[in-house]
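So, here's a batch of structures to check.
The two complexes that follow have chain A in common; it is paired with chain B in the first and with chain C in the second.
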Partner chain A sequence: MTRDAAAVAAVQTTRLGRRYGQVWGLRDCTLEVPAGAIAGLVGPNGAGKTTLLQMIIGLLKPTEGQASVFGQTSRAHTAATLARVSFVAQDHPLYRDFSVADMLHLGRVMNPSWDQGLALARMNALGIPPKRKVKSLSGGQQAQVSLTMALAKRAPLLVLDEPVSSLDPIARLEFMRDVMAATADTGLTVLIASHVVSELERLCDWLIVLTAGHVQLAGPVDDLLAAHRLLTVPRATQDAELPGHCIHRSDSDRHSTALVRADPARMAALDHPGWQADPVGFEQLVLAYLQRPPAAAAQDDPAQAAARPGPTTKAVTR
Partner chain B sequence: MIWVSWRQHRSQAIACLGMLGILAIFAIVVSSSMRTAFSHDALAGCLAHNPATGACQGAVGAFMNSFNTVVNIGFWALSLALPGLIGVVIGAPLIARELEYGTWQLAWAQTVPRTRWLVTKLAVVTGGLVILGAAMTALITWYRQPMDRLTGHFINNVYDFEGLALTAYILLAFGLAVLAGLLIRRSIPAMVAALVAWLAVRLAVEYLLRPRFQAPLTLRQTCAHGCSLDVGITSVPPETGHIGDWVLRAANPGNQIVGTYQPAGRFWNFQFIEAGLIVTITAAALAATIWLLRRRAA
Partner chain C sequence: MFRFHVDGSSGVPPYLQLVHQVRQSLLLGYLQEGDRLPTVKDVASDLVINPNTVVKAYRQLEHEGLAGGRPGQGTFITGSLSPDPPEAHRALRASLERWLRDADAAGLSDEAVSALIAVARHDMKKEKV
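Let's turn to the complex of A and B:
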């Protein structure tokens, strides 16, 4: 699917940064998520994921740069921004002394576009009685109530911050399945932050890797996988001899394994005696970038720069 | 949004009603025995004739023996704690609890801008507190009615419970606590900080400003057989000879009484001045809270 150059990105950030006292929680973050994408935001704890998400939806004011949702700057004191985003925060906070019905009623009175039918149908399907108090629900059920509130808001962008990190494996599976089902029905754009890489692999078609406040990698998952190869080369091979850009390298006694990034055409033509080129997996790719020093993102190759939208918007292939 | 505010403060509202109920039971029990004693001692008739000469002294003394402890002592201590406690317990968690439990991310991500969210909540809760303050004032005024006929209601501990002062001081504690909750971000420390600030304002007003709301009148009178200065609770201040006057200062050099006082008739002037001052401080605290919350948003 090739998008029209004029199409508005669901999420766009330009040199976005947020400082907490003397420390930058996030710096110089420029990225784009096209409408309709299911984007995974991966990063270790403290990488600035929550900061980025809160600035995107307008809960937090950027120190520098700007964030926009569907072409409009995120400003949380206008109902227009708020109406376009549904948010499930980390640990899915709810009012503990409310009943489930109270929570849904809160959603109804605070959102003009609220879909009560959808909310009740989901609670029914999940077997959560509306009369139950929130504090008596299991963690998985609370997460489902949060997701239901976000979906029933009927906003075109759904932002999830570590939605499954506190859930057991079964609840994780069910939660992610429900997110997928919801997006399939409605063409929702989803931005989901997680450090559970395996969960994202099944869900996402767009990937953003964030470490220590910097974007390491961003783009459509298929393109990113096509642009990377895992090369097995003799140990003596220098980094400079490798095609493209070496992202991560591990050396054993006789061989080295290097994850390189280069033009897919050049990769296909690669035929070097004694070298073996293998396609890279999603998790391998993410881990390689997570292990990279943050400074490496700054002096990046042209392929990486191309994944960042410049001043002139260009077509992004998905 | 009004429903949300109500639902979040429902249990606090029920607790306040419970407290009002206990207060009412206490008031009815004590006040009815006080009213019986008042009419039994024929104090009304005595006061109507000539309160200043001391003709009623015996009857007043007996009445005071029975009721001074329960009605007057303790009121001052209560006035220093109760309005402040009510205000901070309700005010501090209003924002701090959302920050502590992370629910701000839920509340402020709905389609209601956080400024409107806060203003609605403040309006609903302030309305509730005004009703509570008015109900408590009415109850205490009714309860103290016989005693007020002997002492007036200008003396410090009574002044703080009748008229507008009680409601104004509940609102002050509430406003300071909401602001403290936003700044400190934790409910309990915010309650403590707000209570300390509230007490500082409360005492500064009582001891530094209130005596000066209007220029006090001076008194100077000569007594033939030596003057006795008794500014206490026993009914009529001998300096002015009029129930309810608030004697600020008095001394008796020789056969004279020299001093200053605020006449009883100024009670409502003082109430309006003090309530105006306190409500202004409250409004400033709430306006600062709204401004800070808005500034933090993108």
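Let's turn to the complex of A and C:
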């Protein structure tokens, strides 16, 4: 699927925030996911991933800011909002006393673009008899029914909140295979929250890292990787001397390894004779941002982090 | 039909892995001009990777003049990579084998040999800059 830069974004949030009592679950979240992208949302437990997803799909009302899907504001619980997204929650909610066939019937009645052929084919391929009651299915099978309903809804945006945690590796692979095929076929946009970082590399072309209710990093994976370097420098090197923003640093006796968001204006400095600059891998990049102390993260504006020359934030692990 | 594979632990971006595989297969003769490459959807679902990754790899191959899309038919191999001239190849291989035997005699492990090659290449690149 080729992406049109001028096309309206599948997901857009502007200074989105949600407060629970005195505590902000998510704050100042501004990001964009283009149509046709597969975006990975990564963050530790309690980082605000589910809060963000629920505001995007209109299940939760923002305290401040706004979210929109394909250019239309997500408003909590309106039919128009809900029709544009398929959502699979962490706990795979289904009606326990319904049969599988009843669940699919419900899906067909409630969704104008429902693909019954796809739903039945998946159930058949998975060996789940439509007559079975939901409550008699295993946890993995229930997850599969719920994921099947999300795919069969044929909404242009598929939002998955930790979708595959209850599936075995093969079932997980088979589900993601169907999602990749749907993306290739119909240009489906996918937003997927997951802890399995190693799996995301091959699935995602867009990345969002969230910690402590703040966006740390967001953008096209290729651009993000190109903007970072892993520097091996003498131990005595100060963060301020590094040509960019130090995200993560570990010091050994004589040398230090620093993951740096390189300042485009100072790229030439990477050729320093005493330094070695290596490209950064996907998992390495994600883990570096996840490991930042929340304090360093909170005072950082990710949108300007690349442009701002210094002072750098101390994020030292020893 | 040509089949790709992706190694998740190699550290090489998936799209580059696809490009390398086509280049390598052209060198080895497994792929020839006129061969059809699998569709984006087939590669994406076969390997369970992002379809945009496949699109990007095919675009890179087109840019290099190695592949081209025919509307409604798919992506085809349009170019070829001439393998290294066999003469030079043979001579290089002979000297490499001599060197490897010396390394073995000096007690270098496979790992040490790889590390030595990596360091030498790295330093040569630096000298060029």
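Everything below uses one rule, namely that the second predicted complex is superposed on the first by the 279 of 318 C-alpha atoms of A that agree within 3 Å, B and C clash if a C-alpha of one lies under 4 Å from a C-alpha of the other, contacts with A are read in each partner's own complex, and residues count from 1 in each chain.
Here is the rule we use: a residue touches a chain if its C-beta (ideal position, glycine included) is under 8 Å from a C-beta of that chain, and two chains touch if they have at least 3 such contacts.
Computed from a predicted model, the values in this text were never measured in an experiment.
Engineer: Which of the two partners, first being chain B and second being chain C, lies in contact with A:Leu225: first, second, both, or neither?
Structural biologist: second
Engineer: Looking at A:Pro93 after the superposition, I want to know if it touches chain B, chain C, both of them or none. Which is it: first, second, both, neither?
Structural biologist: Touch status of A:Pro93: first partner only.
Engineer: So, A:Leu173: does it touch chain B (first), chain C (second), both, or neither?
Structural biologist: A:Leu173 contacts chain C only, not chain B.
Engineer: Determine, under the contact definition given at the top, whether A:Leu259 touches first (chain B), second (chain C), both, or neither.
Structural biologist: Touch status of A:Leu259: no partner.
Engineer: After lining up the shared chain so the two structures overlap, which partner does A:Thr183 touch, if you call chain B first and chain C second: first, second, both or neither?
Structural biologist: second
Engineer: Once chain A of both complexes is superposed, is A:Val85 in touch with chain B (first), chain C (second), both, or neither?
Structural biologist: In the superposition, A:Val85 contacts chain B only.
Engineer: So, A:Asp271: does it touch chain B (first), chain C (second), both, or neither?
Structural biologist: After superposing on A, A:Asp271 lies in contact with chain C but is clear of chain B.
Engineer: Tell me which touches more residues of chain A here: chain C or chain B.
Structural biologist: Residues of chain A touched, chain B against chain C: more for B.
Engineer: Using the touch definition from the top, say if A:Ser198 reaches chain B (first), chain C (second), both or neither.
Structural biologist: The second partner, chain C, only.
Engineer: Tell me which partner A:Leu41 touches in the superposition: chain B (first), chain C (second), both or neither.
Structural biologist: After superposition on chain A, A:Leu41 lies in contact with neither partner.
Engineer: Which residues of chain B touch chain A in their complex?
Structural biologist: Touch residues, chain B against chain A: 1, 3-4, 7-8, 11, 101-103, 105-106, 108-115, 294-298.
Engineer: What part of chain C is in contact with chain A in the complex they form?
Structural biologist: Against chain A, chain C makes touches at 6, 8, 11, 13-14, 40-41, 44-45, 47-56, 129.
Engineer: Which part of chain A faces chain C closely enough to touch in the complex?
Structural biologist: Spelled out, the residues of chain A in touch with chain C are 1-3, 36-38, 173, 176-178, 180-181, 183-185, 198, 201-205, 222, 225, 271, 281.
Engineer: Which residues of chain A touch chain B in the complex?
Structural biologist: Result: residues 54-55, 57-62, 67, 74-79, 82-83, 85-87, 89-91, 93-98, 102, 105-107, 109-113, 146, 149, 153 of chain A touch chain B.
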